[in-house]
Amino acid sequence: MTVVTKHVQVVTEGENSVIDLTQEVQRRVDESKLTSGLATVFVSGSTAAVTTLEFEPGLVNDFPEMLERAAPRNHAYDHQNMWNDNNGHSHVKAALVGPSLVVPFVDGKLALGTWQQIVLVELDIRPRTRTIVLQMMGE
Amino acid sequence: MTVVTKHVQVVTEGENSVIDLTQEVQRRVDESKLTSGLATVFVSGSTAAVTTLEFEPGLVNDFPEMLERAAPRNHAYDHQNMWNDNNGHSHVKAALVGPSLVVPFVDGKLALGTWQQIVLVELDIRPRTRTIVLQMMGE
Amino acid sequence: MTVVTKHVQVVTEGENSVIDLTQEVQRRVDESKLTSGLATVFVSGSTAAVTTLEFEPGLVNDFPEMLERAAPRNHAYDHQNMWNDNNGHSHVKAALVGPSLVVPFVDGKLALGTWQQIVLVELDIRPRTRTIVLQMMGE
């Protein structure tokens, strides 16, 4: 059993951009030479999130739109009193979806469905450079 | 430290069916002979989700109903342009809840509360045969 | 590779209290002497949740308020028929956010952002003593 950790920098295009991380994660699993174990995808920061989504142009709009209905940008957030940075909605959406995803791999392949991609969702109101921590644990 | 992976097929009864996986997961932990570690429950596919819920007839309705309010079936989803398959709401709900759950086990027992069950939530608009990847890692 | 499990009791102040667990989790990682691996934070029970949030007085209100809009307390929940305990909204919110969070640690430090804390969210309608299962796995 070993642990392999990689830090990956991803530049996002601003609010509600959705980035497909699947190939990057699979490549790091390949490089680790591990055949069976867990791949953890974690985004450092409180205004982005990680989940799975069929990565196609429609859902890449639909998912952020649903989050916008749950936490509208123009709602009054108490967070505004702290930083005056107009991203209270970004924080609550990120906490709801979560920063962490754990995907098993078997025979060296991520156990994803064909139409299921690992995605980073940028929820902050401006482009950001995100640090993704990928940790492969297994044998 | 070892890794044990099992694939479990589950036939669902269609949209919003909630299936209790707790006994199945505990049985696989028992079979693994591991006493301390992590059980990861992952559903392959982008229109189902895994979480914990008190598995009783009321909440089995209440939880999908809340998701329906967050992502109504009759809303216009851009996903419709891709596949014309009327399940855009299924995809966004699945991405929101997430496909993965990690539960520690201690002395061979899942660390769940008494009224806390591991559940698969079918969000697609028809019955599906789901592949659950169970991975036990520990010692 | 080893596994270290700790049970931590946390007394909450009732509905929508948000508790910062970051220092406690980091301290347990320190005590484990592990340098690289996964810290899993799991709450036993079906009316509380774990996620990350910038822990500041504004967001500590904003996040529960968003959940209240998604699952209002005064909505009619079928769960009421089971237990008559007026916390159907607590259960569906907890299932939505989820009971489990996995955070990698590297060089003995949790891979969190500066403004990203690990939080327990109490969603039940009264103060509770919560059992958090912390499991560190790594080398």
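As written, the chain order gives the labels A, B and C, with residue 1 at the start of each chain.
Criterion: a contact is a pair of C-beta atoms (placed from the backbone, for glycine too) under 8 Å apart; a residue touches a chain by one contact, two chains touch by 3 or more.
What you are looking at is a predicted structure, and each value in this text was computed from that prediction instead of being measured.
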Rounded to a multiple of 5 degrees, the Cα superposition angle from chain A to chain C is 120
Across the interface between the identical copies chain B and chain C, with over half of residue numbers shared counting as same and under half as different, the residues used are different
Distance between the CA centroids of chain B and chain C (whole Å) is 19
Shared-interface residues of chain C (touching two or more other chains) are 1, 38, 70, 96, 98, 102, 137
Listed in rising order, the residues of chain C that touch chain B in the complex are 1-3, 5, 38, 40, 42, 44-46, 70-71, 77-82, 88, 91-92, 94-96, 98-100, 102, 133, 135, 137
Counting only contacts in the complex, chain A reaches chain B at residues 1, 36-38, 51-54, 56-59, 61-63, 66-67, 69-70, 96-98, 101-104, 106, 111-113, 115-116, 119, 137-139
